[in-house]
Amino acid sequence: MNAIDAHIVQDHGLTTEEYDRIVGALGRHPNMLELGIYSVMWSEHCSYKSSRIHLKTLPTEAPWVIQGPGENAGVVDIGDGQAAIFKMESHNHPSFIEPYQGAATGVGGIMRDVFTMGARPIANMNALRFGSPDHPKTRHLVAGVVAGIGGYGNCVGVPTVGGETNFHPRYNANILVNAMCVGLADQDKIFYSAAAGIGNPVVYVGSKTGRDGIHGATMASAEFTEDAEEKRPTVQVGDPFTEKLLIEACLELMATDAIVAIQDMGAAGLTSSSVEMASKGGVGIHLDLSTVPCREEAMQPYEMMLSESQERMLMVLKPGKEALARGIFEKWQLDFAVIGELTDTGQMVLTFEGEQVADMPLDSLADDAPVYDRPHVQPTPRAPLETVAPPCSTLDALKTLMTSPDIASKRWIWEQYDHMVMGDTIGRPGGDAGIVRIHGTPKALAITTDCTPRYCEADPFEGGKQAVAENWRNLTAVGATPLAITDCLNFGNPERPAIMGQFVAAIKGMGEACHALDFPVVSGNVSLYNETNGQAILPTPAVGAVGLLKDASRRAHLAAKPGQDLVLIGKPGTHLGASLYLREVVGREDGTPPQVNLAEERKVGDFIRTQITANQLRTVHDISGGGLLVALAHMALAGSCGMDLSPIAANDTAFWFGEDQARYIAGCNDAQALITAEEAAVIDFLLLGRKNTTLYLKISAIETMSLATLAA
Amino acid sequence: MKCAVIVFPGSNCDRDLAVALEHAAGQKPFMAWHQETALPDVDLVALPGGFSYGDYLRAGAMAAKSPIMREVINHADRGGLTLGICNGFQQLTECGLLPGALMRNRDLKFICKDVDLTVASTASPFLSALRKGGSVRYPVAHHDGNYFADADTLDRLEDEDRVAFRYAENPNGSQRDIAGILNERGNVLGMMPHPERLIADDLGGSDGAAFFAGLMGVFA
Amino acid sequence: MKATVHVTLKPGVLDPQGRAIAGALGDLGFTGVQSARQGKFIELDIADQPADAAKAAVEDMCKKLLANPVIENYTVEIIGE
Amino acid sequence: MKATVHVTLKPGVLDPQGRAIAGALGDLGFTGVQSARQGKFIELDIADQPADAAKAAVEDMCKKLLANPVIENYTVEIIGE
């Protein structure tokens, strides 16, 4: 083995202090293999060393939460002995380097996190951020990422039912690809990762190990420089066909009584899965690396432990169940190998070709990994916006907004995703939330992902709050009871106090909203160092959420229907700071973001949901980016139904385009009943239009635009 | 009506098809694993959509060589009803039960959306409950749905009334807008669109339910 | 020993991938490209055997699996040790 | 004139298609197949020009479009008139 010098330590992304700490834990210098294992376990990606103390402040509990953060995915109770299991994960750096494979393996990885817990994946989501549409790389990146997400999810046969896509120059050199998966399990068949039972066999299943992505986990924790291209060979290739077989094989084995613990091999593959399983279970582990199924010749222990080959799982079986398990995996033409056993030493011991090649205390790799309270400075608040000049034509401004990259229809993306396979999609992409039925029941899950990075940039605290509130609102808008969230916290370099300040503030805002809305965090992931040459991405705490429809026949959709009255529920718009109107029409990114009044959010949302579940409302849309008029235009286009809004005689820019929060639009056959209910509940409302039918959007005696023009 | 659904490694519309068949036939179809070498006595053998063998090499190519495929061909040769949807259609062309081939979509992209189809023939038990020239809506979800055959084959398909469905708006570049075809005897139907996906208004439409109900009606 | 197989589309078969390649090359400013066709190139590691037996075996593989005779032609080459 | 391009996966990069092909050939009874790798074979019709200029141009096309340098290698051949 090579002698370890300062250069090698640095290459492994470890500081001198961290190296000294390794020497302290071992009581000697590590060998290369041990150094490699420490380097991935202590990387930002695996250890959460910069974020851990802040993540701990997030609310994670509710009566319906079965498993919060700490396992492969979060688990919530959805009644009748069933559970929804979900998580979101980032694959940002790999997707920038090789967009198709990076995105595809991101989808594969998050699905494994979900089915490793015993759930059949039933829906995927994706939250994407790209650079400016006219940046030379953007087109290629978008095409590759979208094809990769579709290529993987379509093949495995899990519908992709929603997501979000933003464009901003601050993502030019650091795109964000955040994938979410939701699975369904029986509560008495949930599998966890804590290993138990001294002497129990440790089993490797799935694909063989190659030299894929060695040091990917370390790469994901290092800031990009212009020579990022040179890091290319670490990209992994996904095999969705094998993933599909792996799902079926794992679920088949899970139906028997053979598994003690199971964990997917994600980032840092065999290392992180074996270390996490053993350390969570408080046991030791011995692996004989000579038995690891390898795809390439002469693979060395260092490569096996650090490989990120995809479609692999590690499990601990009950004694004597090996033959049963092997039979199942061989039927599905997957590799199966007993590669070690649990011990009572608290050490991770690796042998190779009859010799011991590593011996490390597990605590030092996992629980006692470094934790940093990095210096952070509070973001300086922006000044509120002075008055904004009105547009020459309100409808021309609307048209500008409707064709702006963030608002323009993403149909061209989601038509490349199979969003109907499994036959339970009753809310397709394009609505406020994707909806999938719980197969064979009257229930359904609503799923959404939301974050507004321009708000987070303007005020990370309010932006964090807003991301959670908007998820809650989107679930509410379809009639679902919001249950819990998962997140992907994408930020720049945490070693810069200003970035760390954004991170801390965003988490504080998220936590406040989770708390006020009874909407805990059950899983998530942190992606730091999203910056290139000192230019960080917009702070992007992407949030994904799941809600329950107990009776899926009582749900709402945004498409307006001819003959409906339209009612604004919530206050008229007043706030143009950090709005899309300001950015896309005026050309400025300025001002404070709208504040979320969480009490109001809850009051208005609970009212809407009650109306939907009482079968009083079937047409609802929440108001978000672009404000009231954009929301109305979406409803009009989705329903091919015009609207005459001229009676309200508004000519105030903020009325039409303000992005004030906690607001919805309802379409109903007779507004009177709704208005009576609103008055009783002390909810603000405004009747916007009556009995609409034309194929025009009309906002005043002189301003009219055909839906065809609007859609073009 | 007794039905069997063949399941290959990588099939992923097998459950959806089984649900639609059960809905229409009132009994669960028999699910046959690709390695089986015998089929029970059934009226309909159905090949579901998905990505058998990952669609590697050519979509449907490896499934077409599975042990069970011998039995599927025997069933079809005996005049038994045989339905291939999407990947199933690709398998039927690969194993020679239907002519032509399904190439990569014209725009090279996977396409998932509802499409309007014209019923071009009713000369088959699969189609006799439909109205010739009528319109039905089923979704497509495929990457390789671009139907190709040489001009003679296409002419013959048309002359023999064997074009089952045509796209109202061609989504994938298929020759002569072909979305589904029949064999000579009319007992084998291959189609790219997925009727099993639209079997309830909740799902966005029920033309698919009518398709399967019509098929059952023939046997009633 | 090794065998290589080229699978190409028959003349007259429409080639969406080839068409897209030619179009994209044009968009990238490569003006001289009149047309492009995309086929497959498969490399096989096979058991050592006389070259003509190997060739016959690989041709059989092409007929049975590697090529679709409706749309594709193939050529086989055997590369001895 | 014509150019041909072979695009193959770099050594060590997982080739799911090749793996599946080898497996399927085995299932069909072709026992001697140890492994398979699948690549692309692209034929281009290009404007007549000196062979070395043509080769440079096609190599440039490979870098920019035909091959994915992250995971693929390529070789170019020019076939004169």
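A, B, C and D are the chain letters, set down in written order, and residue numbers restart from 1 in every chain.
One rule holds in what follows: a contact is a pair of C-beta atoms (placed from the backbone, for glycine too) under 8 Å apart; a residue touches a chain by one contact, two chains touch by 3 or more.
Owing to the predicted nature of the structure, the values given are computational and were not obtained by experimental measurement.
Separating the CA-averaged centres of chain A and chain C is a span of 41 Å.
In this assembly, the C-alpha centroid of chain B lies 29 Å from the C-alpha centroid of chain C.
Taking each chain's centre as the mean of its C-alpha atoms, chain A lies 37 Å from chain D.
Here the spacing of chain B and chain D, counted between their Cα centres, is 34 Å. Residue numbers of chain C whose C-beta contacts span two or more other chains: 40, 64-66. For chain A, residues touching at least two other chains, in rising order: 239, 241-242, 333. Each of the following residues of chain B touches two or more other chains: 53-54, 56-57, 62, 65. Chain contact topology: the protein chains form a pattern that is neither a line, a ring, a star nor a complete graph.
Checking each pair of chains for touch leaves A-B, A-D, B-C, B-D, C-D.
Residues of chain D touching chain A in their complex: 10, 12-16, 19-20, 23, 68-71. In the complex of the two chains, the chain D residues touching chain B come out as 16-17, 20-21, 24, 27-28, 38.
Interface residues of chain D, counted against chain C in their complex, comprise 6-8, 18, 21-22, 24-25, 28, 30-47, 49, 57, 60-61, 64-66.
In the complex of the two chains, the chain B residues touching chain C come out as 57-58, 61-62, 65, 93-94, 99-101, 103-108, 146, 148-150, 173, 175. The touching residues of chain B, counted against chain A in their complex, run 9-10, 12-13, 15-16, 19-20, 49-51, 53-56, 109-113, 139, 141, 143, 194, 196-197, 199, 202-204.
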